[in-house]
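Each chain gets a letter, A, B, C, D and E, in the order it is written, and its residues are counted from 1.
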Amino acid sequence: MFLNLLFLTSALLTVGCSVAVLAVKNLMHACVFLLGALIGIAGLYATLGADFVAVTQIMVYVGGVVILMLFAVMLTGGKDHVSKTQKLKSLIPAMGNKTSYLIGCLTALVFFLTQGYLVSKLLGSIEVQKQVDTFSPTVQELGELLITNHVLPFELSSVLLLGALVGAAIIARPRKARPQYEEEAEEHH
Amino acid sequence: MEYTIANVAPIFLAPFFAFALNCLLIKKAPKLVDKVSVLGILVAFVFAIRIAVDFTGVANTDYYIHKVFTWFDLGETFKIDMGIYIDNMGAIMLLMVTGVASLIHIFSTWYMKGDVRYERFFLYMSLFTSAMLGLVLSDNLLSVFIFWEIMGFCSYSLIGFYFEKEKAGYASIKAFMTTRVGDVFFLLGILAIWHTVGSVDFVSIYNAVQAGAFGTTVSFLGMEVGLAAFAGVCIFLGTIGKSAQFPLQVWLPDAMMGPTPCSALIHAATMVAAGVYLSLRMYPMMVAGDLLNLIAMIGGITAFGAATIAMIQTDLKAVLAYSTISQLGYMVLGIGVGSYNAAFMHLITHAVFKACLFLSAGSVIHTVHTQEMPEMGGLRHKMKWTWIAMWCCTLAIAGVPIFSGFVSKDRILGDALYTALHAGLGYKYAVPALLGFLGAFLTPFYMCRMMFLTFHGKPRDQHIYDHAHSEHLKLNQNVPLLILSVFTLGMFFSGSLTGLGKIPAPVVPTEWFKTLVDSPTNNLERFSTYTKQQFGSVDTRENRVLEKTVYDSEAMTGYAGPNPDNKDGLHHAHVEGAIASVVIVACSIFLAFLMYIRGTIDPGKFVKMFSGWVTALKNKYYFDEIYIDVIIQKGLLKFNNFLAYVDMGLYDRYAIDGWEKVSRTLYRASRWFDDNVVDNTVDAFGVLAKTGHAVLRGLQSGLIQIYFIVLIIALAIMTVWINFIV
Amino acid sequence: MATESINIFIPVFVMMAIAVALFGGALLAAHLISPKNPTTLKEMPYECGEEPVGTAWSLFNIRFYVVGLIFIIFDVESVLMFPVATIFKKFNELGQGTYVLIIFLSFITVLLEGIAYCWKKGDLDWVKSFKAGDRK
Amino acid sequence: MTNTIAEFFYQFEGFKSLVEGMNPVTVSVLIIIAAGALVTVFMATVGGFGTIAERKISADLQARIGPNRVGPYGAFQLIADGIKMISKEDIFPRDADKFLFYLAPFICVFGVVSTFAVFPFGSGIALSQMNIGVFYLLAISSLVGVGIFLGGYASNSKWSMLGGMRGASQIISYEIPVTLSIMSIIVLAGGLSFESVLASQSGLPHNWYIFHNPFTFIGFFVFFVGGLAETNRAPFDLPEAESELVSGYHTEYTGIRFGLFALAEYMEIFILCGVAATLFLGGYNLPLGVLKGTVPEQFLQFGTILIKTLALYYVVIWVRWTFPRLRVDQLMTICWKYLTPMAIFNLVGCAVWMVAFDGKSMFDLFFGH
Amino acid sequence: MFGLEWYLGISLVLFFVGIAVILSRKNIVAILLGVELILNSAALNFVAYSRFVTQNLDGHIFSLFIIVIAAAEAAVGLAIVIRYFQINNTIHVDEAKELRG
């Protein structure tokens, strides 16, 4: 009973907030709705017994990614470029003309149908367990997996993050507002 | 005491880490370098004391530590272990090396102070010490060879330490090249042993000798040579090179271009003794190859010849250098007459007094800023402490009773006399014994001459005398000398004052040295019960004891030394030898006294009398000239020219130039192909790419969302394909 | 491994609901009680009595962003380290402590390299952008 | 093992017979709602008392009297303040982002109140004994940073904006040393739940993790300083620096929304002190096994954790009135150049200690057998 | 009880919303929001299959690494966006076409 309640709440939060991300005008609000959607997904993880993944989702996304997004929106002025054409009917392709609208709709339709077909075929062919409201604590087992079977990805992920840190720090390092070549080009004119 | 790798390895590792650390410090913190070096060697000294106390605590036992690890393993046939091997001899050697080296390090902080390359000197000294200790700890010939070469490199660097001087540079090259001759043969010997035994560690070699593995012969330059003799000669050639024996002795006098403390450590106390040490380790091999007579001859010739040259030298350090060669000759003579124990004893006593002598000479040179004895004289008033220390050592090297040189040298001479007279080997050994006694007459003479010229009489150059500073007792100048000179007393080695074993001294057990160090040939069988320990295991003394057994020379193929069972003859020869050498020493010192203090006898008369010989002495028996003019100019250079002709005249002209013609032709053909066929093909691709570019360019709009739509469409098509077509 | 019920999430859920209720209740109470008479002056942003010029939404120092950037990398690394830290004791008791320690330390070393790089390059200095030469 | 507070009640026979025949989940939910409300009220009261304590202690430190009009020694000042907050006008700035302006205090309160779900008040007396309780607490409390940033942003006032940005970057920065300090405790305890950390400590100081080894001793101070910064307490109160930024991120907030911000902050300090006491100072453990396994033990445990927490709370207030505020660059320097390397050092040290000494504490090494 | 297909459905919805965000928004930051949604839908799929089909924790590990990669991607992506904004003073996606052929 509680499981169903938790699932329904989380699912509603997720779907609602993600649609809101699509629909709202203000980018700042979109970021906040993304936060809601991510918390909802954390709730879904909890219903799946993935307690550690759920809390990680909150820790990384809420504590880190969303704040970074908010910062980025602030830094880039928070202007919403789509405000002119942002209407519910032109949501999906928004490429500005009728042909693209058509192509987009058709693609989405084909995609949705084939995906649905694929999933239904898949569900028919595999053995799917019933949802139960008990689970085992995962963190110890995750730790063991991380240092045994998955030790290489574990160590490599640290290198990946190091690379990301170095790269991002180089790119985002405060410098003059405009690079050198642009000024030189100006001088030539 | 329990032995693990943790309390053995630091002996070698402490100086090595000091070296490694100094490599980092030398640029950043040069002030710390000398302290780190001294600390490193002192740590090694402390560990060596622990081991030596444990080893020498119980007499009449043989005891070893042997720990190995696999160095590399290329299957059954090629597997090399590295390891640590310590027995009684090694323990005493470790104590000597660390003790002398630490005193020399301390002395160097005074002597080298203010030198431009002060830090670098300590760097090399630490590396050298660690290599020497590594050599002593080695359990096999291969690691001996590695450390041997590291020492050679350090020696080379230190001889050429003052590379601004052209002579120093040449001297270092000479030393390096001359010892290389011996090293090549040494390596050859190692290969011969490895080929025969399949292993190069000492114990395996002993066991192989015992099992008669060296009984076969090999064909060498058309001659059938016994394998043992071949390998033994090769290894002994290594000794000849390193220990500056005849005929490769030429490098050692020139090596005195290096700083005096390095001469003391490397060219007097340790490195040159390492050659003798190697011969001692390989003693069963020498015996099996029946090489002792050859060794004795070479030792005798070196001992006597070097002593004669030393008589006419005027350079303080040159006298000491030739005396070093001469004393090393005695050690080799000792090995040659089967006097294993006495040869090793002489190695130790010589290391102590010769290090002291060199340090004293350094002290004098540093004070008066000259090395020429004719410019000195009367320095005893100014340098009281150095004078005392140096006299102790002079008396020791001269072989005056009470001092250590008497104990060790007399035993070598006694054994030589016994071998010549009583061993029943004919008169093959008479010549070495005679040369030994002649050398024993010359040694006190030239040493006393040096002392009289330096310290006694009137100052011959008043200017230099006045400029010399009066000496005060300094912790890093005289104290090391005095400590060393205390150990020139014979009782520390024999336990009795005279060395004859009559008056027991209270401090040291009587004849501990004789009972502790024992020739492996006395009972080679015991090594067959021998087990190696892997690294990481713990040893105690109790489970590693080897029983000492009585002498059994019948098992050996060659003459293995004086038979201790023949007590009568041995005793007889030793008493005769002792009396003879005491008389000889007394005469010799008296002669020197008359010549240089009293002036009763004019040395010039002797020079006139033996003018031809003196000219030969001045030219060091023309060895350098023979090597350069005859061997190098006439032999090697011609051979070199011939090879150059083969290379340039034949190979270059025909083989290489011929190839050039062939390739030139091929090049022309391929160029035609390239111009006409390949280029056109490439152009065709270019046209294709140009056309394709025009088409594909339209897709590259630069708009992310267009790309994304293409991606999605592709994904959709793929999904459809997977679902409905596959 | 012990099996737990999904019910351990009930308190979390309930507390979140209580938070909503607390917030809603407090706002409702305030809405009912507090007076409402807004004036233009009251609704103006407080700038010590001065007339506000422009919007506040353009003030942003890129330094804050760089800090956020470094933070997120460290955050993710610490999340990955938590499971390993948890099993450290267990593996140590099994005698595998050194193995885990090596893995753990090599991970932390990379983390340290990151902080060392940022330190060296001055990304951790707040006032770097005001150094002479950087200013135009 | 009890997982939630409901199962704690199930261990009493009387309770079992009382609820016989009812759906256990329903009973659990009801109990949890009741207990959660109780905890929230308790925390709110403690948070409210925090303001009184702050004023009284600061007055004491400055040789003043402090509030003394409402009730004995001014003890009812809290109620007066609460009534004042509710009855003030709720002003909405003209240019503000209305949606975010409403949402920001909610996110703050949400982040703080959610942490109560795992806080251990006694053995078995925690709303939920989640197996990753410590981690959950860390994660959910990072919501406060988002709340403060949004509060600062939504006001569209320059002071608020500055305060909000400072607050967000400060909170996220100091989360790193705090996380790493906690991780060094996790390495020693071998579990991510509060219960496993507490089970490996005991009532007497020599078994507390602060005295376990030199690294945890340093780690406690790293944690505590980092915690002060995360809760925006002096000397790290830059986001609301009244002498620079008027009132920081809540300059434009009035009435009850300001009250909720303040309440969230004070409750968060209480949680911080509680976590510090639990992880480093032995938590609710009673010394010498007093009254083991009985109901009075649990009350004593509650008293123990409360005393330790309040002692730390006193230190927090004391620090505020003792040290001057830092500059922004000093703040970042302390976090990234001192605390984070120290925390990493502690973590490595604890891991090495774990392997080298089999996880024994210093006391065991010196005096153990 | 809600079974696997419900989770897959939610994942599909998230995926399509993500695509729609990417296609419809003209602000690059907003496009990154869409990317996050797509990544999350994939991670949700992994955990759901891990719960309902494979019954082991490999799916959890995979979603952990997805979160790691998403964080790294967000950090670098946003840094690039900010740099671009500093140079060109716009983050309109249609104006960012320096890579046009």
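In this text, a residue touches a chain if its C-beta (ideal position, glycine included) is under 8 Å from a C-beta of that chain, and two chains touch if they have at least 3 such contacts.
Owing to the predicted nature of the structure, the values given are computational and were not obtained by experimental measurement.
Peer 1: Determine the set of chains touching chain A that also touch chain E.
Peer 2: Correct list: B, C.
Peer 1: Enumerate, in label order, the chains that touch chain C and chain D alike.
Peer 2: Both chain C and chain D are touched by A, going by the contact rule given at the top.
Peer 1: Which chain, with its centre taken as the mean C-alpha position, is closest to the global C-alpha centre?
Peer 2: The most central chain, going by mean C-alpha position, is C.
Peer 1: Per the definition at the top, count C-beta pairs in contact and tell me whether A-B or A-D has more.
Peer 2: Per the contact counts, A-D leads.
Peer 1: Could you please state the distance in Å, as a whole number, between where the Cα atoms of chain B are centred and where those of chain E are centred?
Peer 2: One centre to the other, that is 71 Å.
Peer 1: For chain B and chain C, let me know how many angstrom lie between their CA-based centres, rounded off.
Peer 2: Those two chain centres are 67 Å apart.
Peer 1: I'd like to verify one number: the distance from the centre of chain A to the centre of chain C, where each centre is the average of its C-alpha atoms, in whole angstrom.
Peer 2: So the centroids are 18 Å from each other.
Peer 1: Enumerate the residues of chain B that touch no fewer than two other chains.
Peer 2: 705, 709, 712
Peer 1: Quick check on chain D: which residues sit in contact with 2+ other chains?
Peer 2: Where chain D meets two or more other chains at a single residue, that happens at 25, 29, 130-131, 135-136, 153, 165, 168, 172, 175, 192.
Peer 1: When you check chain A against every other chain, which residues touch at least two of them?
Peer 2: 2-3, 47, 49, 52, 56, 59-60, 63-65, 67-68, 71-72, 74-75, 77, 95, 104, 115, 137, 139, 141-142, 146, 157, 161, 164-165, 168-169, 172, 175
Peer 1: Give the pairs of chains that touch; include all such pairs.
Peer 2: Contact pairs between chains: A-B, A-C, A-D, A-E, B-E, C-D, C-E.
Peer 1: Contact residues on chain B for chain E in the complex?
Peer 2: 696-705, 708-709, 712
Peer 1: If we count contacts the way the header does, which residues on chain A are in touch with chain E in the complex?
Peer 2: These residues of chain A touch chain E: 3-4, 7, 11, 14-15, 18-19, 21-22, 27, 30-31, 34, 37-38, 41, 44-45, 47-50, 52-53, 56-57, 60-61, 64-65, 68-69, 71-73, 75-77, 79-82, 86, 90-95, 104, 108, 112, 115-116, 119, 123, 126-131, 138, 141-142, 145-146, 150, 153, 157, 160-161, 163-165, 167-169, 171-172, 175, 177-179, 182.
Peer 1: Which positions of chain C touch chain A when the two form their complex?
Peer 2: Listed in rising order, the residues of chain C that touch chain A are 1-7, 9-10, 13, 57-58, 60, 62-66, 68-73, 75-77, 79-80, 82-87, 90-91, 99-100, 103, 106-107, 110-111, 113-114, 117-118, 121, 123, 128-129, 134, 136.
Peer 1: Using the touch definition up top, name the residues of chain A that touch chain C in the complex.
Peer 2: So the residues of chain A touching chain C come out as 2-3, 5-6, 9, 46-47, 49, 52, 56, 59-60, 63-65, 67-68, 71-72, 74-75, 77-78, 133-137, 139-144, 146-147, 151, 154-155, 157-159, 161-162, 164-166, 168-169, 172-176.
Peer 1: Tell me, which parts of chain C touch chain D in their complex?
Peer 2: So the residues of chain C touching chain D come out as 2, 4-5, 7-12, 14-16, 18-20, 22-23, 26-27, 29-31, 33-38, 40, 42-48, 52, 55-57, 59-61, 64, 67-68, 70-71, 74-75, 78, 81-82, 85-90, 92, 97-98, 101, 104-105, 108, 111-112, 115, 118-119, 124-127.
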